[in-house]
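The data blocks that follow each hold one structure.
Heads up, the next two complexes both have chain A, just with different partners, chain B and then chain C.
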Partner chain A sequence: MDGNFEIIAQVLFWGIYSGCIYILLATGLNLIFGVMKIVNFAHGEFLMLGTYITFFLFIMSGFNPYVLLCASIPLLVVIGIIVERLCFRPILGTGKLNEIFVSIGLIYIIQNLVARIWTDEWKTIQSPYRDITLDLGVIYVPLDYLIIMAVTAILLIGLYLFLHKTWIGTAIRATSQDRAGAMLMGINVERMDMITFGIGAALAGAAGTLWAVSGQVFNPYMGSIPAIKAFAIIILGGLGSIPGAIIGGLAVGLVENGAAYTLGGAWKDAVSFILLIIVLIIRPTGLFGEDEE
Partner chain B sequence: MPYHDTVTDMKQGISYCILVSILIMGTLLFSGCTEQSAPETTETIKIGVVASMSGPASTTGKDIWQSAELAANEINADGGVLVKELNKKIPITLVQGDDESTREGGIKAVSKLITQDNVDLLVGGYSSAVVSAHQSIVADNKVPYIISGGSSTAVSHRDDIDTSYMFFHRPNTDDSAKASVIFINEVVRPEIYKKFNLPEDRPLRVALIFQDSPFGKGQQEAVLHLIKEMDLPIEIVAEETFKMGESDFRTTLTSVKSKKPDLIYAVTFLNELIPLTQQAKRDVGMNTLILSIENNDDPDYYTGVGEYGDYTLMESRFSPYAIPKGSTSEMTKQFLDNFKQKYGGFAGMMGAATYESIYIATKAIEEAGTTEKGAVQKTLSDLTTDHMMEVMKDGKITFSPDYHESSFDLYVEQMKIDPAVGEIRPSIVWPESIKEKGFEIPDWYQPGST
Partner chain C sequence: MNLSFIREKKISLPLITIIIALVLPHILGSNLYFLTVLNLMLIFIIYASAWNFLTFSGQGSLGHAAFFGMGGYFSSLIAIKAGVPLIIAIIAGAGLTSVIGVLIGMTCVRLREWFLAMVTFGFAVIIQTIVVISQLNPITGGWDGYAVPKLIPLSIPGSQMIEYYCILIIAIGSILLFQFLLKSKTGLALAAIRENEMEAKASGINPVPFKLFAFGISSFITAIAGALEVAHFGYISPEIFGTDISFWPIIYSITGGLGTLAGPVVGTVVISLLWEGLNALGLTYERFIVIGVLLILTIIFLPKGLVSLPDAIKNLKKDGK
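So, the complex of A and B:
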């Protein structure tokens, strides 16, 4: 019984870890969708860029990879702003098909650029804390995963405070709720789009850094599957809802790992979509979605 | 039109121009990704190289392509391939077919190689799933294809299509599973039982972790079949699958750990074995042995896995760092040196097999005296030539009459950290005839449930 409890606790722990990566990725995607109402299939490429920027800075500086978040997040904000300004702003409001094709084009461009710069071979980096394990009473867990969970929580709290306690955050929320109304109130909605896209890309980039630090391999093509799952999560949680992305991300992480344990790893991807279908049948707007979405 | 609308339109126009420029620049920049060696004369032998130049298996794909290029350069430097019907030597031109590590990509690449590039012969192919998807195109067009991957018997033993033009220069899943299982039973089991004083009637507990693909399932079936057929004292305590390209094995390994195995038998690709090994040791805290199979014997494994690869085992047929004694060792050293000189790194097993495949192809053309596909196919069917780098049964490369498979002498390596390079390096520990060192059980090892 004790042994079983330990295993269940361990599987739940891995589920929460996976959930943290999904939460950051999906929150960024949902923030962008909430404000700009665009569908960016290239969102997974920001995660991939986060892994490579961390890798590059780690190799160049030898700094602690967690500290490198301070560099990778601003860099991803800048990249996000450039992408929004050059690729999405010109087509905003011209139809979903344009957004889809621009984002698909971006996938190939970013993947090939990264492959050109860093080659397409699989890469890994190692955390300086990789050999430290902590006793949580029920299970032993590597310190890195606790740091990853703490960093995710800090980033989400930071995002909450930014959105609720700053003027720009209030303006972003206003733009998300009523774009025309926000414009009439003097808010520069295009600037809000740009800032939001930058923050969304940075959250995905942070997920990439945490992905790399946890010792997972990465190459230029690794962003597509997480991006598809992030879409499933935001539909599951409710389009445009940040609490929905958090709950959805955690749910997908837990369900995937539960399925890997009970049904086998081959079922991991399928169950997230089974969960999505079940939620949509019961609640078509997703867990936290509003009717008009 | 109001002034600000005009300005907005102009701004939008500029942005569109920038976007279009980026797209065009991107297209131009990356159109060189599939650059091929250009024919120097109008008469040339076109060999299509099917390799995963992009996607999850791109590391192996690059190894395949570079090794093919090395072989072609050597042959061309010697004047080319003697074609008797033309009474002269003809150079080789390689044409790259990127299967993108997907079934659909493979179909597209092979169709293009055959119908647009009009290749005389094909070599390469890695994943069984990808190869099986484009086999029917090769069968329909009757182009000789020397396949250095696609190890599943579901690929080479299929009877729903005509495989007479396909030649498999690799051990199939039954062969590699047999070598691994015999090694486990004859070497690993006695050592563990002696060290831990385990009762002889206790079966060795083995956990199978395999890719959910024809390659993985082929190995799984072969292992289960061999244990039963040979009545071996081995119990499979876990059978866990994972999706191709998986990088998170933590829960799978937690499940495996709960079954208390003595050894993990991992059927993976390179990009899967590295995180699997690291996560087993670092995250799940498993103090057990991991045995993987030959396709992972690649320089990137030794670099990527780090210290977590210490004492791991690998069934192999070609290694960048362990060269079996005998008639193949000189050529292997030469190949590795030439490869390093040209590309600045080490070739892997798939590279070696492809390098040999190019030589096999040219030998067949020379013996046929023509590039006519039917004649080349017939020559390949009857071909017997000396082995080159990979050790073959009886020292000869020849394709079996039933399924056109060549037959290898396989071996098992054990990895140990080499402090001089800070990476693991292999030593051959089985079979007795070529072993460099004895198999060792590490101090941290703990057997499964007693």
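So, the complex of A and C:
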């Protein structure tokens, strides 16, 4: 019985850890959806760019990879703004299928630019704390995973403070609630689109840095599956709802690791889609979704 | 170039295309590389047209590789295990796939665009997982796949050429089928649902059976294309469910012209020629970038695709004068 409990605790811990990556991705997606009402299927490419920026700077400078968050976040803000300006603004309001199709083009461009620069071999970096594990009574946990959870929490608190305590954050929330109304109040909604897209991309980039630091391997094509799962999460948790993204992210992380443990690793990717499809059969607008937009 | 003689008689453009398709392999001679490119092009014309047919009902699928792959697996398994001729196995496999296609469609008909895209993408991942799980390995061969009988056995002289004409007939047949369906009442109902589902409902059209019908037909033809592809290569593996295979028909249809019959044909020909050309230049990664840029540019500047290019140029000239 004792051994069982340890395994369950281990699976739970892994679930929370992989949930952190999903939470950061899904929060970004949800923020962008709330303001612009678009869905960027290429969101996972920002995650991948985050890992490669971390990788590149780590090789070049040898800094502690956690410090490199300070580089990957601002860089991804800039990349996000460029992508929004060039690819998404021209098609805003021209039909929802177009957003999906533009994302597909973006996926091809970003993946292969990275593959062109760094080749498409699997890469990995080593965290300075990789040998340190802590004894939490029931289970031994790597220090890196605890730091990753803490960084995720700090980023989310930072985002909350930004959205609620600053003028720009308030303007973003206003745009998300009522675009026309915000425009009438003198808010430059197109600028808000750009800032929001930048922040969303930066959260994905931060997730990428954390992905790399945790010692997981990455290649230019690694972003698609996490992004699609993040998208499943925001459907589960409700489009535009950030608390929903956090709960959904944890749920998918836990279910996935539970399934990998009970059914075998091959089911890890499929199980979150099965969950999504079951939810959508019961409620076609998502768990907490509104009936019509 | 003066193309006005074509525009005067609308019918002649498809006819000219078919004549070119008929004589092309003879002009190129028996060069195996060109024949392979042409065969794959035809297979993807069938596939892209089938994907495009689903968008006529307003449903954009991101996981058509599920049907493409199922067509390949079902047809080859039926041919190998039951020992029936490949052509019957292909039709049976496509029938089986379209049953599953309708079942998948049943989960999709009530969903909005992004949700539908997600769910179809998810089904491709789920079906790939089912194929590779260890319990099914004795049948599917897991990640390694298995050898598949060729459409035309290599022992027959000129097998590639015969294969080309077989696939050409199937391609023309499926495009004619789509043409017939779109001109029929069903096609009108699909257009009404695509443009405004609420209004379609108000005028007495129940969208559900029509959307399911579109799913059934689209998955049937997609499965035939998938079966033809694996029969062409003589080999199948779970990579057939990959994201790339789902995305190609989308890229072809959009660059050619979404929602037109000629679009997928034009798009497939132009993009695959571009693809092969860039490949010949050794631009492994750059060709993806070129195609991605082309896709985004088409969506932004030429939303009706390459088939609308002559009209767009004409309008531009008119505005200039």
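Rule of thumb we're sticking to: the second predicted complex is superposed on the first by the 276 of 293 C-alpha atoms of A that agree within 3 Å, B and C clash if a C-alpha of one lies under 4 Å from a C-alpha of the other, contacts with A are read in each partner's own complex, and residues count from 1 in each chain.
Basically, a contact is a pair of C-beta atoms (placed from the backbone, for glycine too) under 8 Å apart; a residue touches a chain by one contact, two chains touch by 3 or more.
This one's a predicted model, so the numbers in the text were calculated from it and none came from an experiment.
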Superposition on chain A - do chain B and chain C clash or fit: clash
Chain B versus chain C as contact partner of A:V252, first or second or both or neither: neither
Touched partner set for A:P90, first chain B, second chain C, both or neither: both
Which of chain B and chain C A:A182 touches, first, second, both or neither: neither
Chain B versus chain C as contact partner of A:L155, first or second or both or neither: neither
Contacts of A:A260 with chain B and chain C, given as first, second, both or neither: first
Chain B versus chain C as contact partner of A:V11, first or second or both or neither: first
Which of chain B and chain C A:V77 touches, first, second, both or neither: neither
Which of chain B and chain C A:Y140 touches, first, second, both or neither: first
Partner chain(s) touched by A:I235 [first = chain B, second = chain C, both, neither]: second
Against chain B, colliding segment of chain C, chosen among 145-153, 163-171, 181-189 or 217-225: 145-153
Chain B/chain C common contact set on chain A: 87, 90, 102, 105, 108-109, 112-113, 115-116, 120, 225, 264, 266, 269
In the complex, chain A residues that touch chain C: 39, 41, 87, 90-91, 94, 96-98, 100-102, 104-109, 111-113, 115-116, 120, 224-225, 228, 231-232, 235, 264, 266-267, 269-270, 273-274, 276-277, 280-281, 284-286
List of chain C residues in touch with chain A within their complex: 55, 60, 62, 107, 110-115, 117-119, 121-123, 125-126, 128-130, 132-134, 243, 247, 250-251, 254, 258, 285-286, 288-289, 291-296, 299-300, 303
Chain A to chain B touching residues, read off their complex: 3, 7, 10-11, 14-15, 17-18, 85-87, 89-90, 102, 105, 108-109, 112-113, 115-116, 120-124, 126, 130-131, 133, 140, 142, 145, 215-219, 221-222, 225, 257, 260-261, 264-266, 268-269
Touch list for chain B against partner chain A, complex: 12, 15-16, 18-19, 22-23, 26, 29-30, 33, 54-56, 58-59, 62, 212, 240-243, 245-252, 254-255, 258, 270-271, 274-275, 278-279, 282-285, 300, 304, 306
